[in-house]
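Quick one: this structure, given as structure tokens, is what I'll be asking you about.
Here the chain labels run A, B, C, D and E in written order, and each chain numbers its own residues starting at 1.
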């Protein structure tokens, strides 16, 4: 849950400089930070690599000239390939993570724009001769539609979050639906798509009631299609991991490399072998673990996107447009991170 | 057939956590996994490289100082170039694979959007004075058009899948066509394009019958043009492999590199030569084989895209919009993969 | 001329599996394939590098300790830079090639879409009271316009191909023009642009005759603008090579590197020097030659795009929409390649 | 604050050649430039690395054969990985910086276009029969709207700058608002979004007053949606740093690498150890520091974007369209940089 | 000024094969080409590096064992980093250069399209009952507007070129303006933007005179907005160099690397030291200089874009659409290059 200062700055609350959550830690602290680091998850591999180094060193001490010396050559050959390949994997993972963040940025754009457009383009464009009562009742209807459209956008962003995290959205989205819609919700298979269809229904009604021109309705339609793209693209990232064979190949090569490395270093390094082996293992396994973490950016681990914070922010922004009296609180950071 | 949990999550069925198909295997299991690995397809090359290593070692044992020692230098020089080049090839292949997945994501967006738009924008916008009967019959006609448009989208996604896999789509798409259209199908050369033309025909009819405004018809037209782009882009990926000379150059260099490698290592590695040679051969040939597999992502091998699952999902989603009683079942994963 | 199976699959003809043109050659055959390989064009350089190796080896045999030994160090230093740079050049060239292919994919999308839109949106939207004769004559006029628009698209794709290959398109495009247009063709400077202007003329006419609504005409206009983009982007790739200094720098460094390489290897490799030098020269010059070939993808050499096949396919697809009786044959592959 | 000559050339003022602010410094000067260099911020690390080198050298002088010699091998292995990884980090940071610049370019496009469109498409399209007075008063109203729309765009660009720099925009934007709007400003949470909503309000009014056609209003709407995208994308870059673990991993590896490097060099370099260590530390820490600086390009340090200059330029350009008499001065460069 | 054959092929003049300006030089000539090479600009650095090599060699001859031997290790460590970093810089510069070319391609697309659209969509759509004289005078007015719009596009392309090259455009653009506009030109700050505003004025007039439908005017508006994007994006590339610290870091490291390199090579290379040092310096400085040249692609040096040729071509194409009798000549290449 990255996105420090997110709730604050997206929702526009001004924070004094000293409240900034993540100060840059100094170099010394950096060394011993664990939260946000990948060290905890790869500690076993690092320790094991170090142990291998120690064993090789011991074996060489007690049985000199018995331990096979692989020399550095094969490790140089393999190391370059492994590095280039790790680099490729990292770029691919990072791009997925960044694309996911862009998609949620697009979600913010679209929901804000729909809320704005609902206020701009929905007004009574119907018949000329009308009684005052009729006029008033149509005004009320327009407000209901504007409100409904805005609420459906909010509901969509919650539904999308739950869909991507595999949790049940029904409690979070119920308040944005009518009673009838809530009942239908039970049988619905794909809830975010259900919200888009409801939005479509609203458009159809305001068009038929002449509350919006056909040309201006295109503005709303374009944003709804864009929400549909956000939805499908998030599903794509969530459902289609990198080809599994990449992980296999990388994992296997990294393991074999790091665990046999002492055999290439012990003659020149002697007692330093375990340390250096552990250091190199740290780099390789660290990069590998990071790549794997960023691959699916919609979870709830330390580097995943702050979906809860962002959908809460959308809710606040959109309710504000409707001049609601009670706004929910922005989500507070849990030390360095936002959920 | 990647795309784990795809059917489940795209079609929106909630799965309990324990049903997740691909659990992350532990490090030990990872080592001996074959399904999803490229090892089986490159085993001959690895074994051959190992054998070469063994032969060189034997030759050196029996005829000392007779085997030419190439030293590590040429392999370092070549190794860097080969690695960078393999990296380039991999990126290119991966990008094709990922673009293909994006295109199918776009297909999902477009078909869902067309189904939604058909419900939103198609309503009777015709003459004012009309008998009740006429009105009713026009209502029926509108429903028929909405249904037809939705079915044609479903049919298009099946036709596209068969087109890309080189199989016969006639059985799968017949149910989405009228009798007359089925008859014409026999003579049609390009079936997915035929579906797009039929969709165009529907638009033309509802426009002329005043069931949709000219402006709103643009929404549908834009999605159909987008389907046309998906079609042509999938064909591009399927029909235009990477320049053949890349494969040639990579293959040849990798073969020569791996099979002569023992001559560069045997003096320093001795009896370990076959093992290290096999390991390095595994990395190079593995990357090379993976790149080749991802190049055409529309096949039915382990890392190809789950086209069947996705087109089934589209079918379910779209039929649901039409409130069909009988929906087909989502496709079940075959152990780790979806077809 | 890549794009195997292209004619077959784009035009939608089903081919039995055994007719697939390019089977994957086995590893042994791969080694000795020449067609599609870059070997023939770089053979002189490889042989020359090998000869240099042989000369250095001989010189060292006859005049021991007289040949300057450069050691491997400078070649390691230069080799990394050269590899990274070759990698950059390759990516840039490949992206040009792939962009060119995408542009022709866009051409297919646009022409197919215009043909479909001509059938969908062009119908009599004019006056209400009309005699039967007038109605009939207007129907005929509409068909003429639909046909003309479709033919002009076909003609554009032929004209574009000839423009990019520097050949004379007049014979190929004459049949898509009226007599008067054919006459004007002689004085026209930019033929593909001329076709776009003719298309514009058609739009203008059907708008003024009320055969299409102003809104629907936007669909056609967007596709014509897209054709204009395809045209200008193809010209960009064709007319603007990579900065010439890249070629110079790469060429010079590669030549100096490969021809002095024996001086760095002969002490450790002895009689193997010529072979290893030739092998490394093969990799460097091979990559370099490939990059140069892909730079301008519109030629007629082995890796250039199958422009003839694709424009023929467009012609077939479009004529089919018009229900023409006589369709031209798809282009047959010349062994592995399509022209 | 890059963007030399920006104010001059964007606002179109012609500058004589000798006024060009940043002349290319000659090679000698380049060496000792500090402003714009990252040296000051990484001096401690460089000095510390040099000291380590000196200590190792001294230790080896006084206690020969006591200092553990790590040899160059582990540093070659680590160095390649570290370099590739630094390369990846740099690309990612640079792309964020460049994307941010593109977004502000888009801001310039959108604000200029809105100003132009306001002059082009807003004119009296209302009723036919009107008194001269009514006509005149409507003309005045139109001018007020054109002016207001242009001012709101200017205000938006100032508000965005302050939002991204975390400063208070109220003084800078007050002059573009009406009294009533200024009062509301106090309670507004998200000021740039507030401006977009005000722009929406203007569109709604001119539509209802028939000062613009529904179709032409789409032009303005598209630009406002684009402003909304610029806003959300800038917030994305500002609020979502690169995954923190990347910084951790890079920092730690670079520190360990540089501070243990003397142990790998002292046997071959002797008294030169401190110098070479410091040089290599300069490269690694320099790249690392640069990457970190470019990561958030909206600050006010030496390489951040010239937001003040650009928003002043927008103000000048837009006020000029309104034929204002008093234009603010372009911002002057502070030696080499623009704020 | 690249873009060989540009004038010829864009303006569509057919050139016989032997007139092709830049033939591929043979390998021998390539070696000694200076024009288009970066050698002249980096000759001092290469010579200096060679001299350093010679000095080190001499010093070692006369004072054996006195010259500090740095060994190859630090140069291998630094070399990899420097190469990767140079690669990054090159990609970034090349992408700027290529984006600039794409922008001018877009300029060609937009101007051609506006000229075509002016012919297609501007016709008398006004009142029904009109005298023959009135009709005729309106026809004349339409032709004047079509001509004016086309001329303003031509003028814009000239104004953009001058803006980017920092030269005075007034002579070149005067002929496309009316007397009144020429007078205003003196006070205008941003001339290309002035042209866009004039284009907007034309649209406004033809809309109010009912010479174009509101829907069709959107086609023109979209192209003008696209011209606005081209303008702002060219300014972005021109005004925002790569972060200056990159140049500093690269320059410094390259200088230190190349000038100390002899100390790492002289023991193994002896008298060959100067030559090898110069060769490596050539590669590093060459890449560095090329990157710097491509960074701002709008100048008039050898690798800059052929802006003059392209804007002349636009002029020819657009005047031809207007059936002008006297067309300017295409620009002739100055040996290998177009200005």
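In the analysis below, a residue touches a chain if its C-beta (ideal position, glycine included) is under 8 Å from a C-beta of that chain, and two chains touch if they have at least 3 such contacts.
Per UniProt, the chains are A, B, C, D, E = Bestrophin family ion channel.
Remember, predicted model here, so these are calculated numbers, not experimental data.
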item	value
Minimum number of chain-to-chain contact steps, chain C (Bestrophin family ion channel) to chain D (Bestrophin family ion channel)	2
Where chain A (Bestrophin family ion channel) and chain C (Bestrophin family ion channel) overlap in contact partners, by chain label	B
Geometric centre distance via CA averages, chain D (Bestrophin family ion channel)-chain B (Bestrophin family ion channel), whole Å	39
Gap in Å, rounded to a whole number, between the CA centres of chain E (Bestrophin family ion channel) and chain C (Bestrophin family ion channel)	24
Contacts with 2+ other chains: residues of chain A (Bestrophin family ion channel)	76, 80, 84, 87, 215, 218
Cyclic chain order when read starting with chain B (Bestrophin family ion channel) and heading to chain C (Bestrophin family ion channel)	B, C, E, D, A
For the chain E (Bestrophin family ion channel) and chain D (Bestrophin family ion channel) complex, residues of the former touching the latter	45, 68-71, 73-74, 76-78, 80-82, 84-85, 87-88, 92, 163, 166, 168, 188-191, 193, 196-197, 200-201, 203-204, 207-208, 214-215, 217-218, 221, 224-225, 228-229, 231-233, 235-236, 238-241, 243-246, 248-249, 251-253, 255-256
Touching residues on chain C (Bestrophin family ion channel), where the partner in the complex is chain B (Bestrophin family ion channel)	2-6, 9-15, 17, 22, 27, 30-31, 33, 36-38, 72, 75-76, 79-80, 83-84, 86-87, 90-91, 94, 97, 101-102, 105-106, 108-109, 112-113, 116-117, 119-121, 123, 213, 215-216, 218-219, 223, 264-265, 268-272, 276, 279-280, 282-284, 286-287, 290, 293-294, 302-303, 305, 316-317, 320-321, 336
